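One chain, chain A, appears in both complexes that follow, with chain B as partner in the first and chain C in the second.
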Partner chain A sequence: MLFTSIVYFLFLGSSLLGYYLLPSKYRVYYIIIVSALFYMYVKPSYLLLIAFIIISNYALGIQIEKSSYRHQKSRFLSISLLINLGILIFFKYWNFIIENVFQLIGLFSAKSTTSPPFLDVILPIGLSYYIFQIISYNIDIYRGTIKAEKNIFHFGTFVLFFPKLLVGPIERANLFLPQLKKSISFDKENIIEGGKRIAWGLFKKLVVADRISIFQTAVFAQQGQSGSTLFFATILYTFQVYADFSGYTDIALGTARMFGFNLMENFKRPLLAINMSDFWRRWHISLSSWVNDYIFNPLALNHRQWGKWAVFYALIISFTVIGIWHGASWNYILFGLLQAIALIYETITKRIRKKISKKMRRVIYHNISILFTFLFVTFSLIIFRSTTFVEAMNIIDGIFSNPGSFYSDGVSTFLFLIIGCGIMMIYDIQEEFKICSFSFFSNKNWVIQQASYAVLIIYILIAGVFDGGQFIYFAF
Partner chain B sequence: MNLINKIRKNNIPCFLLKVFLFFTIIFLLDFSIGSLLKYLYFHQNSGWLYRSSYAIDSTNAEIVIFGSSTANHHYNPNVFEKRMDMSTFNAGKDGQSLFYHYAILKGMLKRYSPRIVILDFDIGEFEKDQRSYDRISSLLPYYENHPEIRSIILLKSPYEKYKLISKIYPFNSVIFTSAIRNVNLNKNKKRDNDAESGYVPIKRVWSQGIAYINAPASRELDSNKINIFKDFIRECTAPGVKLYIVISPSLIEYKYENPSVNLAKDIANDFNVPFYNFSKLFMNYPKLFADNLHLNDSGAQVFSNKVIDTILKNDSNVIINNKYSNSAITGKK
Partner chain C sequence: MTSDQSIKDITKIFIGILEDDSIVLNKHSTINDVDAWDSLNHIQIITAIEKYYKIRFELNELLNFKNVGDLCDGVQKKMEMKNI
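Here is the complex of A and B:
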């Protein structure tokens, strides 16, 4: 069920109505049923897998907490990691691992007649998100930072809650579980604010991301496009990925808010980041903070005797994980490694950059930093979007060497692209720098604010792409 | 009492009033902007959107060509008009499938009956493909005034009629194209794709060779498309229209037995409709192509003549009609 489909909005409306008509003590149970139905709509058999994950991790969480000795806790944590990572590897990484192992064997031995034991299984949607969520839950219990959840329905809701089930955010137990303990009552502000957030999400997804996607497909479907066309398309791809993923997150957060839940923010205007460290504090925050807490910090601390090298080592491992989290493919690993190299570079050149910044006007330095960060992100996303390394190299080579005229699909396409990206970025710039004191969407005058949202919805109807759109992040 | 207290506490009547006001604003904006978009859409006088309106609402051509891009770029109406002495309109549209062709045909037949219909059949026409359903959206502007095509539009999605409550939705994504065509910014541009003929020539020349396709995009055939194909044939046979089904030349060699082509051929035989497969006709002439799939203007010229030759050679009725009397042909022109 796509968040932008009419079926989703029928589902949302009817489930909200039932939710608030029920006495508040039954609402958690209602949510778990609704979430299960939502997941069943995607594929009924997935529900068995997720039920197994919920029950086993619920029991293991309690066992980790109950264990008196460190080694016992470690044992239960290891079992939980084995189950969760085992499932993730089985569904997502098995074929990739086997393929590469066979290729490696093939390098050293004669041609083998045995074919690799590939699995023909479909990756359950959202698996990477909820597995990471559960891993953090068990590690937090192990560390003693949270208590194990004793109510299986609460724990089930933590895993299954449908707005975040498919594309995150990777929610933390210490933020989500306490919200289930409170009595949830109807609050019109939740409906209004949730609705606004959903409207923005739809705008980003339908008007910006899906519109760019059409242009992208047209450009990359034809070989030999000119350098200027390829450059423009790669710049647009950065906007597309941002609009697609953050738009989807906005719809998830808005939906959760309507049910009275606050999920963690996943994006904070990442295209205005001044360096790559800043970028990763703003982009897919739930994943980057997860990796920071459970991989980077433990690794850097455990190897602190290495000095700076501990940080570099932790960065490489962390960003390799971030890369491979996106998919079982070398381009994602390379994408992660590129991020690590950029952050290592920033660590090494921190002092020099500080000196340079003092010699320049702050505004100029700031804007140049934003531009360079954006260009680096765009460059790394070329590798991210390419299915093979050769394809990525062809695009990069094409940008600098292909002559020819700019691919034009008519004035209409460009107007849609410019207006869509323009509105999205003006909104972000206003939120970031508060350039103008007047705001349409946060205006205190009710009429102006509501009229602005009405115009936004009308523009979605005029310029949104309603057919054939798939969320890029579904593949993860 | 508890519920009443909750309602009072949350100021729900005021909230509901605001929600009502908000949706009233949206409804008014939707209605007014939708009406404007409708006006702009139906007042264009050139361009690809206009060609659909012209095909469904205006053309009286004796020969009409249906199909996707391979129809639109391969059949030059001027050649047909000169050699067959019959007015010709190319109703082909890029990226469209049988759903679109059938809808246009139904709209047309409501007004008049063309004498000859040529359906350019795509190699993978019957394959299941969500895009062909998505692209039915180009028929949405005609939903209101053309009840005969509504059943085709509803194949897109069962929710389509609810979406069509919005007045803007049928004109989604066409605002700038319609507006530009209305202010006639292109008036100095050569109108080589005007509605008079429908044909859009491609000028470039293909410099590469043949492409090979080892397997179909989808092995599953779409029963909706097969049924629509049969309906298309039935509609053409009923009012005495002469139908020809043609497969255009391409520079693609298919390494498999195409189920769509075989089935289409069988159905055409059942209905006694001529079926001409020219897919391998120009395999050795890449200069006639603009890309692997599309002929360029020169190629279209040669191919149009080839189609006419084949029709005249195999169907003596057409020759007789042409030679002796145009008025003998039925049709409410």
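Here is the complex of A and C:
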């Protein structure tokens, strides 16, 4: 069920109505049923898988907490990691691992007659998101930073809550579970604020991301596009991924808010980051902070006697995980390694860059930094989007060596692209730098604020693409 | 060693590593409150604190520090153990 489809909004409206008509003590059970129905709509049989994951991790969480000795706690944590990572590897990485193992064997043996034991299974949507969420839950219990949830319905809601089930955010138990303990009463503010957030999400997805997607499809359908066209399409892809994923997140957060829940923010104006460390503090925050807390910090702190090498080592492992989290493919691993190299470079050159910044006017240094960061992100996304290394190299090669006329499929396409990206970025710039004291969308004057949202909705209806384009991050 | 003294000492270490004289720490300061304090130089800060006090934290202790107050308590605990 796409977040941008009519079916979703009928589902949302009817489930909200039932939610607030029920007495508050029954609402948790109701949310579980509604979320299960939502997941069943995708593929009913995967509900059994998620039920197994919930029950086993619920029991293991309690066992980790109850164990008196460290080695007992470690044993239960290991079982939970084995189950969760085992399921993830089975569905997501098995074929990739087998393929590469057989290719490696093929390098050393002259002739191999056995064919690789590939699996023909479909990746359950949202698996990477909720598995990471559950892993952090059990590690937090092991570390003693949270208590195990004793109410299985609360734990089930933590995993299944439908707004975040398919594409995150990768929620933390210490932020989500306490919200279930409070009684949620109807508050029209939640509905209004949630609705506004959903409107922004729809704008980003339907007007910005899906409009760019049409242009991308047209450009990459033809071989031998000019360098300027490829460069423009590559730049636009950065806006597309941002609009697509943050648009989805806005709809998820808006939906959750309507039910009275606050989910964690996943984006903080990432295209205005001043370096790559800053970028990863603003982009897909729920994943980057997860990797920071459960991979980077333990690795770097455990090897701190290595000095800076501990940081480099932890960065390489952490970003390889971030890369491979996106999918079982070498391009994602390469994408992750590129990020690690950038961050290692930033660590090494920190002092020099600080000296340079002191010699320049702050505003100039700041804007140049934003531009370079944006260009690096754009470059790394060429690797991210390409299915093979050759494909990525062809795009890069085409940008620099293929002069020719600029591809255009009409003035209106351009106009919609520029206006869409423009509004999205002006909003972010205003939020970041507070350049203008006047604001349309958070104006204190009720009429101006509501009129701004009305214009936004009208613009979505005029310029939006309503043919049900898939969200890019559904694939992960 | 008092809690105030350990905050003063730790602040000096922060200033040295982050090269920022304007840093003022209190018990509630977190990684979000100090501009240059990030997970990259956090490693250097911890190593410098261990070297200064001649102590060694366990990994689990380090992962559970949420703010400067936790860090100071951790230092004091280690120092008390050393003096037993």
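Rule of thumb we're sticking to: the second predicted complex is superposed on the first by the 475 of 476 C-alpha atoms of A that agree within 3 Å, B and C clash if a C-alpha of one lies under 4 Å from a C-alpha of the other, contacts with A are read in each partner's own complex, and residues count from 1 in each chain.
Please note the rule applied: a residue touches a chain if its C-beta (ideal position, glycine included) is under 8 Å from a C-beta of that chain, and two chains touch if they have at least 3 such contacts.
Keep in mind that this is a model prediction, so the values were computed, not measured.
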Touched partner set for A:454, first chain B, second chain C, both or neither: first
Touched partner set for A:405, first chain B, second chain C, both or neither: neither
Chain B versus chain C as contact partner of A:301, first or second or both or neither: second
Which superposed partner A:466 touches (first chain B, second chain C, both, neither): first
Partner chain(s) touched by A:6 [first = chain B, second = chain C, both, neither]: first
Contact breadth on chain A, by residue count: chain C or chain B: B
First, second, both or neither for A:115, with chain B first and chain C second: neither
Which of chain B and chain C A:446 touches, first, second, both or neither: first
Residues of chain A defined as touching chain B within the complex: 6-7, 185-188, 191, 410-412, 415-416, 446, 450-451, 453-455, 457-458, 461-468
Touch list for chain B against partner chain A, complex: 6, 10-12, 15, 18, 21-22, 25-26, 29-30, 33, 37, 130-131, 134-135, 137, 157, 159, 162-163, 166, 168-169, 171-177, 180
In the complex with chain C, residue positions of chain A that touch it: 143-145, 277, 292, 296-298, 300-302, 304-305, 307, 310-311, 343, 347, 354
Chain C residues within the chain A interface of the complex: 19, 38-40, 42-44, 46-47, 59-60, 62-64
